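Both complexes below contain subunit A, partnered by subunit B and then by subunit C.
Showing the complex of A and B:
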């Protein structure tokens, strides 16, 4: 078990700066998820932590050990690769115990460890099969078992679920969470999938263009996004964000600092009749498109503010119909000129907006 | 209405029947040119060779005398032929083993990025594109006992001249050296391609597993390269067993039959001594040996070869 610290880490590939002066602490025993769109530098950070890439600047600490110049094998980490990277010529057992054999662990101890781990991940009856005879989920488990058997201080997982089908992915997600609880080891998990990030992480680190956008618990990221990028990245569909000018005539008395206003699609209401609820913006809108997903419906509507997504759990309205969209003042997220959510800004806005309650 | 339906059904059936027959014929029609060529230039000559191996014929005589298995019994009791078999096996196994092992080492070394490595790869490959006749001439000059480059270099460092091609002790080894020199380039290139197709994350996983280099080579690289190894070995064995040009030009099977190998022996008997039946019998034996080799390799190695 170990805390991980990145201190002023940068990485440059051929003058292309993919990681820009990042300082981070990953708590001991946490399940930390690095999430961001492709090319955001999350995999590079992971590979620098594993030791496959050397940072251009900065220090990396695992526990109380400075690992800058340590080879991957000496960092006391284990990694689950995106494509599993199982040794195709070895059996499941061979794969799991390969590292142990290399470290000259006695055969008896090896057998015991492999048996134990195989039991945990449910591979006992597949120990003598080669990876090509296994399903995607089973291969994933072999990769996990191979990592677990080393009893590392840190587990690194690089998009481990991206090759699985949707159903298996959901199942493996739960299994990984349980595994983390059982082992109590620090997990560093990279994904581009916000659902994985939200459902699995104790802490989420959102990255974009090699810069940390926000680091917080999943619910915090959802409720208090640090900037517009985080607000739009987490949540499905993403937060609707408009420039303040779009609200002119609809929402007066906005503070000077609020240059952008956003709200989440699920916080808005949609109905075929006007209700005139106090402390709420009501907008007469036209439905452009809708996705009926069973439990919920996602609308794309157009009104005087612009085109926005609305997520509703009520029975779907007909397409092309006109409707009324309501947005409570308290669910509005203001952002400053630099696209970050300024501290204290939101409260004052909500209060004032509520007081000025127009429309 | 019913009538129209019935007639439509009949039409459709007729249509389907004609479609079915053309669909059946089409594949055969398409491959027939290849089959004709294959039969004419592969099956027929093999059949004719087997037929000739049971006859005595000198190429010009209008009659071919049937002699049963006399050609074969004669061959098997012929001391020269036994030497030819031994030479062929030594030549084949030595040249294939050396070519493959040297190429593999070179490939491991050259499988990197950089101008020097690309240049080296191209340089090593260049002998492969030179015709065997030119290669033979070149090496005859290099290996000349009196004026050759090799002996000159040996003399420089104080080693006595070696009669590369003119002594029965050295001639076969010299020919193996030429075969290895010519074969290395192609083999190295194929090995490099094989090495590059091994996923990089496997090596990363092995690194995390604290794998020592030799173990990484034996447990990871070699098994992952086994399709390439298998391919190069089979091709190498079959080609080396049929060596002809270098022997014809450089040693003519000599001195004292020491470099006479299968195909050259067949050529000698067939086209110099005009013993067509006898040469055909040797050809049949070559065919059997090559078939057995191929079958053994496919059976034995295919079980141990890892195909992705």
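Showing the complex of A and C:
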């Protein structure tokens, strides 16, 4: 059990500042997900936490220990790697046991621990196989077992599911969540998959270019994105964001500070007939393209504001048809000049005033 | 229909030719080793001796202190093998996995060693060993070969292919660097290690030049020298005895080859992949 603190952490790889002055607290026992596009520094942050990479500046605390100068094995952490990194010449048992053997844990205790963990992850009948004889999911479990057997204070997982097929990934997702509940240990989990982040984390840290964009619970990230990047990163398709000027004539009386206005594709409605609903923007639009996914349909439409994505659960409309897109006023997200959502940008207080501008 | 069969025939013929070129000297050696002295001199040559002259082998063996030569050879090759591994493994690991000042410079230096023919440096090495007073000793035969640039190069290649995460996982598992080498790197590099061991063994078991330069008495002479000296006994060369000695010399290599074949092929496939 341990809280993790990053204090003003920066990392520079030959001139290249990859992580920029990050300060973070990861709560004890939380399942914290670091998410962000490729190359944003997620792995670098994990590797600094694990001790494989030394930060250029700043302090890292695990629990009440300053770990800046501690070697990886002294940090009381365990890591699950993206490609599993199982020892190919050892059996499953050998893999799980390796750390214990190196720590000179007596054989009897070792046997017992390995047996116990193998039971938990369902590997008991595979203990004597080599990793290359296992399926992807089983290898993943070996990697988990190897991490668990050391009873670390912190689990570090770097995209552990990205090598699995979609079905297995969903299954392992659930298993990992249950495992976290059972162990109650701090999990730090890296992914670039926002669905994974939303479904697994109890806290999400969104990163871009080595800077934290937002840190909040998944539902908060969704409902109150801290800035345009977070708004566009979480959600599929991403939030539609337009400059204020696009709304000229459509939406007057916007607060001064609102330089950008966004709304989520699933919050807008689409229909073939006009129905002037109060508190709603209605836009006559043309359907450019649509993706029918069964339960839902994703449209790309064009109207006087611009090109936008609309996600609808109603029966699909024909392509190239003209239609009406409605956006409830309360679902609009304003952002400031610096692309962040901040105080003074609450649209609801000016709701009535702005409503008068709806044509 | 026609072309492929012609092609096949040409191909087969080519292979046969190659086989003959490679096998001929060997078969000739084996055949001569069982001949009488008279049979070695007849023309046209006979391939299969009338009766197998097994006593050629005892005669070869007894015409000098061959037990001594044999032991010298075993000790020299074995020590070279062990010491080479003791130096190659850490060096290859360091070159593959560490960053240290002047790493590239030292690696370039190692590669240069690979390119200099040994005949070029034998004189300074000889003088060096002479100043240490170990000429005509076993150590004089061993010390110049305690490491191998080729070995470092080949093993480094193989170590570099091991993914970094594997080492990181092992470090998290409290493994020392030595344990990482022994439990992870070496098992993965096994085909390369077998190849290196074979190369080293063959090269030094058969080595003629360096023992010839180094030794002046029987105390440190090795088998190849002993066999070569068979030619000088009894005035004219009795080729049947020389060939019997040669056959004895290559026998251990043949045996090892026979058992290690699978590994050798794998090693070449392995190094050829990347």
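Keep in mind that, in the parts below, the second predicted complex is superposed on the first by the 349 of 359 C-alpha atoms of A that agree within 3 Å, B and C clash if a C-alpha of one lies under 4 Å from a C-alpha of the other, contacts with A are read in each partner's own complex, and residues count from 1 in each chain.
In this text, a contact is a pair of C-beta atoms (placed from the backbone, for glycine too) under 8 Å apart; a residue touches a chain by one contact, two chains touch by 3 or more.
Note that the coordinates shown come from a computational prediction; the quantities given were computed from them, not determined experimentally.
Trainee: Taking subunit A as the common reference, can subunit B and subunit C both be placed on it without clashing, or not? Answer clash or fit.
Mentor: In the superposition, subunit B runs into subunit C.
Trainee: Applying the touch criterion given at the start, work out whether A:81 contacts subunit B, subunit C, both or neither, answering first, second, both or neither.
Mentor: Both partners, subunit B and subunit C.
Trainee: Can A:52 be said to touch subunit B (first), subunit C (second), both, or neither?
Mentor: Touch status of A:52: both partners.
Trainee: Indicate the residue numbers of subunit A shared between its subunit B interface and its subunit C interface, in ascending order.
Mentor: Looking at subunit A, the two contact sets intersect at 50, 52, 71-73, 77-79, 81-83, 85-90, 98-99, 102-103, 146, 150.
Trainee: Which stretch or stretches of subunit A touch subunit C in the complex?
Mentor: 50, 52, 71-73, 77-79, 81-83, 85-90, 98-99, 102-103, 146, 150
Trainee: Which residues of subunit B touch subunit A in their complex?
Mentor: Going by the criterion above, the answer is residues 199, 201-202, 204-212, 215, 219-220, 223-224, 306, 308.
Trainee: Under the touch definition given earlier, write down the residues of subunit A that touch subunit B in their complex.
Mentor: Of all residues in subunit A, those touching subunit B are 50, 52, 71-73, 77-79, 81-83, 85-90, 98-99, 102-103, 146, 150.
Trainee: For a test of understanding, state which residues of subunit C touch subunit A in their complex under the given definition.
Mentor: Against subunit A, subunit C makes touches at 163, 165-166, 168-176, 179, 183-184, 187-188.
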